[in-house]
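What follows is a pair of complexes built around chain A, which joins chain B in one and chain C in the other.
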Partner chain A sequence: MKRNRIFEILPLLNGPMELGQGRNFWILFCLFSLVLFGYALVGSVFSLSNLAIFFAYVPMGLGLGLLWGYGGVLSFGQAAFFGISGYVYGIVAGNLISTPGGTLLAAACGVVGTMTLAAAFGYFVFYGQVSGWIIPLLTLVLSLILETFMGQTAGYQWRVGSVLLGGYNGMTGIPSLNLGSLQFSGATVAYYLLVIGTMLIVYLGLRVLVNSRYGHAVAGVREDPERTRMLGYNVNLIQVQVFTLSAGLAGLSGVLYVSWGNYMNPSSMGLLAATLPVIWTAVGGRNSLIAVLISTVTLRYLADALAVRGGEYAFLILGALLLTTMLFFPTGIVVSLARRWHVWRKRDLRMPSSIPAETNQEREDS
Partner chain B sequence: MSFAYLVSLLYQYADNIAFLLLAALGLMIILGVINVINLAHGELIMMGAYITTLTYHHIHLPLPLCMILSVIIVGLFGMFLERTVIRRFYNDKLGALVATWGIGLILSQGFLLLLGPSMQSVPLPEWTVSFGAYSFGGYRLLLFAIAILVTLGAWWFFYNTRLGVQTRATMQNATMTQSLGVDTGRIYLLTFAGGSALAGLTGALYAPTTTIVPLMGTTFVDVAFITVVVGGGANPIIGALTSSALLSMVSTGLSAAMGTFIGRIGLLIAALVVIRFLPQGFSGYILDMKRRRMAREAE
Partner chain C sequence: MSAGPESDGENLLQIEDLTKSFGGIRAVNHVNLTLSKGELRCLIGPNGAGKSTLFSLLSGLHKPEAGRIVFKGEDITFLPPFRRVRKGLCQKFQTTRIYRGLTVNQNLLIARRDHDSSENGPLSWALKTLGLDDQGDRLAGELPHSAQQWLEICMALATLPDLLLLDEPTAGMTPDETSLTAEFAINLNAQGMTIFVVEHDMAFIRQIARFVTVLHYGCIFAEGTLDQIESNQDVRCIYLGEQ
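Right, the complex of A and B next:
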């Protein structure tokens, strides 16, 4: 019985709602995963730690990919949820520092707390059935307000238990995740493996989700909310669920980030931070999870490289990249390239292969 | 609670209304007519403030002339943006949002690189009006008067000029209006330019009151966004007036009692509650009521 259920998941993994099907893709994917895991054996701790932080942002990017690309809802709130989760983790972990398993509890608190807030926010927005442009505006305002709020929490009177909130200087000395004697702090192989594992699980899990019956309902809400409602789906509930899930993924990234750097500051949920997930998702291609994954890691790397040589140009370049993508590659750069490659291969082999993912991409006319 | 204290509350209320009206009106007109949210609105406001400050310090023009100049330049810049970018996103609201966000990033970071992190501001005209134990800034009162005048002017334009009638027709049904011989592309162009010019005016007017930094746009847009959400795009003028009147009441009350920050949180919560019950905002609700009354009368 259990065997059967596992075999039921496999077609969902390879379903049509995501780019990249067939043997070649999966061989590449497995090779790539093996390389990532194998690098842990050969790489220096410094390079592993640097690489790990690029991948730690992937759940946040994928969350927005799910929400915007599959659910049709644009949100600037990912950074806010990232920050909330990091702060909640810091508060709980800092107070339970001597309790065994305290950091795991803190991580759970961070993610669940974030999801609760997102669900409450989503209730007001989605059950009001507001127009599509209201959600990005209100989530942006949420980010700005949270940044201002955390920014003014300097001083001794702003503390929860024994943890100081720290104002603009940020919260420092946050303990890393640990499991018994295993420490997942930034400069460890364990942390690298944790991040890679989390990223792959999130990616594959979302792949199953978008190809499931539920995932088709989510895409249905994006295409035509009214029609989906008439087909008997609870559109408002689905939207709140997807919004909450994407916030939870941002929260996961937040916990991973805090565990890496032992530090959280208000600007991680400010205006510029709120921009980043949107740029990753738009530039990669919001209708494909793998495209978002690739662009998240690439653009994080790019931002890092730019910060080293003249950080003042980073956001100028990112802004220009975003505008160029929106003007010339509305479906995203990675997705456009993948599609061109499909067309080229089809012509080359004269093989009638269908690209079902493409049917989901003609949208945004409503 | 003395009478003078009430007057001072009223003064703060008027000050808040002026701020919300000026920050949001241009955004709202663009939303109402073109159905596009311009996320670079804050950066256009910032441009207005910069142009005023630069012309005041370097060309030594009188302040009102600097302000008029920034209105014109930002309006022209809006026209350029409409031609090059916004035009491609008329059917794609979220696309327009993201593209204008990119423009905003380029503008704010570009100004940061070109002109540095901050700039000497324009001196605030020092008129004061005292009442009881309180003294009020005359410039703030002037801002309130200008905000009301600008709103009235926009109303006059929409309801009493030929172009205004054509704009309202485009809002209601663009295809129908086009088939009646109105160039809707031109209407959109002029609307976007007008909305941008209003942003320039806001930046110019508030230039003497704030520090001039490239990220100053955000202090305007977070409240402007809430005002737009609460007001709705169905009728920009009525929406802007009703929503800024209500929101200023919330923020004045909360700020006086619990500080400015709680005032801002209160605004966000007020917006969430309003859209839970009036998803189209106040102006959508008013329009809906009007339609229902007309339907009832027709029976």
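Right, the complex of A and C next:
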């Protein structure tokens, strides 16, 4: 019985809703994963720690890719959920610091708490039939309100148990995730492996999801909500579910982030932080998970490298990149490149094969 | 030519005193209508007669101000659209509504929800008859217009409906394609599917040649067999006179 289940899931990994279905893609993917894991053996703890934090943002980016690219709902709320999860984790973990498994419970509280809030928010937005272009504004406001609220929590009166919320200075001294004696703090190999493993599982899991019948229904809601409703789907419920899941993924990134830096502050829910996931998703190509993964890591790296050299110029450059993408690569840079490559290779081999995964992009191009 | 609904007498759909206005206009005005199981019913009427409004009341896209819709003995007047589909009432829209960016197979995958497609005899028959069974990997948006219409009918069939609502299924089709669609509807009906069809095209209505309901200004103007309707002077006046 269990074996059958596995055989049902495997084809979904390679379905038409995501780029990269050929043998070459999977060989590259496995090589890339192996290199990432192998790097843990040779890399210095410092470089591992630097690399890990880029990958820690991948679940948040993929969450938005699912919500926006597949579900058709643009949200600036990922930062809010990232922040809430980080704060909730900090509060619970800080209070349960001497309890065994306390940080794991805290991580669960962070993610589940975030999803609960997202489900409530999503319920009012989607069951209230709020029109599509209002949702980005509502979610942006959610992020900004939370930033403002957390910003005024300075002082001793703002504490939960023994944990101070910290106002604009942020919450400090948040314990890292730990499992017995195994510490997943920023500068450890264990943390690096945890992040890489989590990211790969999230990617593959979402791949299965978008290729499943449910994932097709999600795309159906994006393409034509009315038609999907008239095929017997509870469209509002699907939207709330996808919104909640994407928030949970942002929450997962939030937990990974605080475990890495032991620190959370309100600006992680601010205007800039709220915009970044949208930039990652748009620049890579929102209709493909792998594109979002690649651009999230690349742009995180780029922002980091630029910040070291030129401070705030990093954001100017990211903004310019977003503009360039929207003007010249409306389907995203990674997706455009993948398509060019397919076309080029097809012409080269004179292979009359179809590439259904790119259908969405082609539609939008025309 | 069949006279009246040939059925086992069981009512599948009952519309009682249904009313819906937009602004000051009564688009559907106290309509009473009964559909028996296994029936193939045509609904005609001039432009703006309220045919499409009546359909959207049936499928739940609009809510009526008064009246009742009873489907399979159950009041569904205020049921949300997706619940009606799950109860077995599915509609093909007037303007073709398919997922153009997805392939034919993906369209059908979404449409059949958690049903097992191999158990859906009418669907596989329909795909074959309409020449869609070997188009699975094609983009739905790339299909010719008529095939897109047929695909939407197949998608409606994939939901395993008891009652199929077809809103202008032959709009924009050539006479040959219209004739094929009419043939298809007759055969589908012969397999036991109850079909309620709105159509402008009189060639289609004549080929189907079943019980016809004429809607005019939101009211039922006349009902009867094709012969009766065609020989009705008043109907000719408002509608067929244009032919």
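Structural remarks
Here is the rule we go by: the second predicted complex is superposed on the first by the 361 of 366 C-alpha atoms of A that agree within 3 Å, B and C clash if a C-alpha of one lies under 4 Å from a C-alpha of the other, contacts with A are read in each partner's own complex, and residues count from 1 in each chain.
Everything below uses one rule, namely that a contact is a pair of C-beta atoms (placed from the backbone, for glycine too) under 8 Å apart; a residue touches a chain by one contact, two chains touch by 3 or more.
If you're wondering where the values come from, they're calculated on a predicted model, not measured in any experiment.
When the shared chain is aligned, chain B comes close enough to touch A:F315, but chain C does not. Look at A:L271: by the touch rule set out above, it reaches chain B but stays clear of chain C.
In the superposed model, A:Y89 lies in contact with neither chain B nor chain C. In the superposed model, A:P330 lies in contact with chain B only, and not with chain C.
When the two complexes are overlaid on their common chain A, residue A:A217 makes contact with chain C while staying clear of chain B.
Once the two complexes are laid over each other on the shared chain, residue contacts for A:P16 go to chain C alone; chain B is not touched. Of the two partner chains placed around the shared chain by superposition, chain C is the only one that A:R227 touches, whereas chain B remains out of contact. By the touch criterion defined above, A:Q129 reaches chain B but does not reach chain C. Of the two partner chains placed by the overlay, only chain B lies in contact with A:L144; chain C stays clear of it. Chain A is touched at more residues by one of its partners, and among chain B and chain C that partner is B.
The interface of chain A with chain B overlaps its interface with chain C at residues 364.
Listed in rising order, the residues of chain C touching chain A in the complex are 59, 61, 80-82, 85-86, 90-91, 93, 97-103, 106, 109-111, 113-114, 137, 139, 141, 155-156, 158-159. Within the complex formed with chain C, the chain A residues making contact are 16, 213, 216-217, 219-220, 223-224, 226-235, 354, 356, 359-360, 362-364. Residue ranges on chain B touching chain A, taken from their complex, read 31, 37, 85, 88-89, 91-95, 97-99, 101-106, 109-110, 112-113, 215, 218, 222, 225-226, 228-229, 261, 264-265, 268, 271-273, 275-277, 279-280.
In the complex of the two chains, the chain A residues touching chain B come out as 68, 74, 121, 124-125, 127-134, 136-138, 140-142, 144-145, 148-149, 152, 271, 275, 278, 282, 312-313, 315-316, 318-323, 326-327, 330, 364-365.
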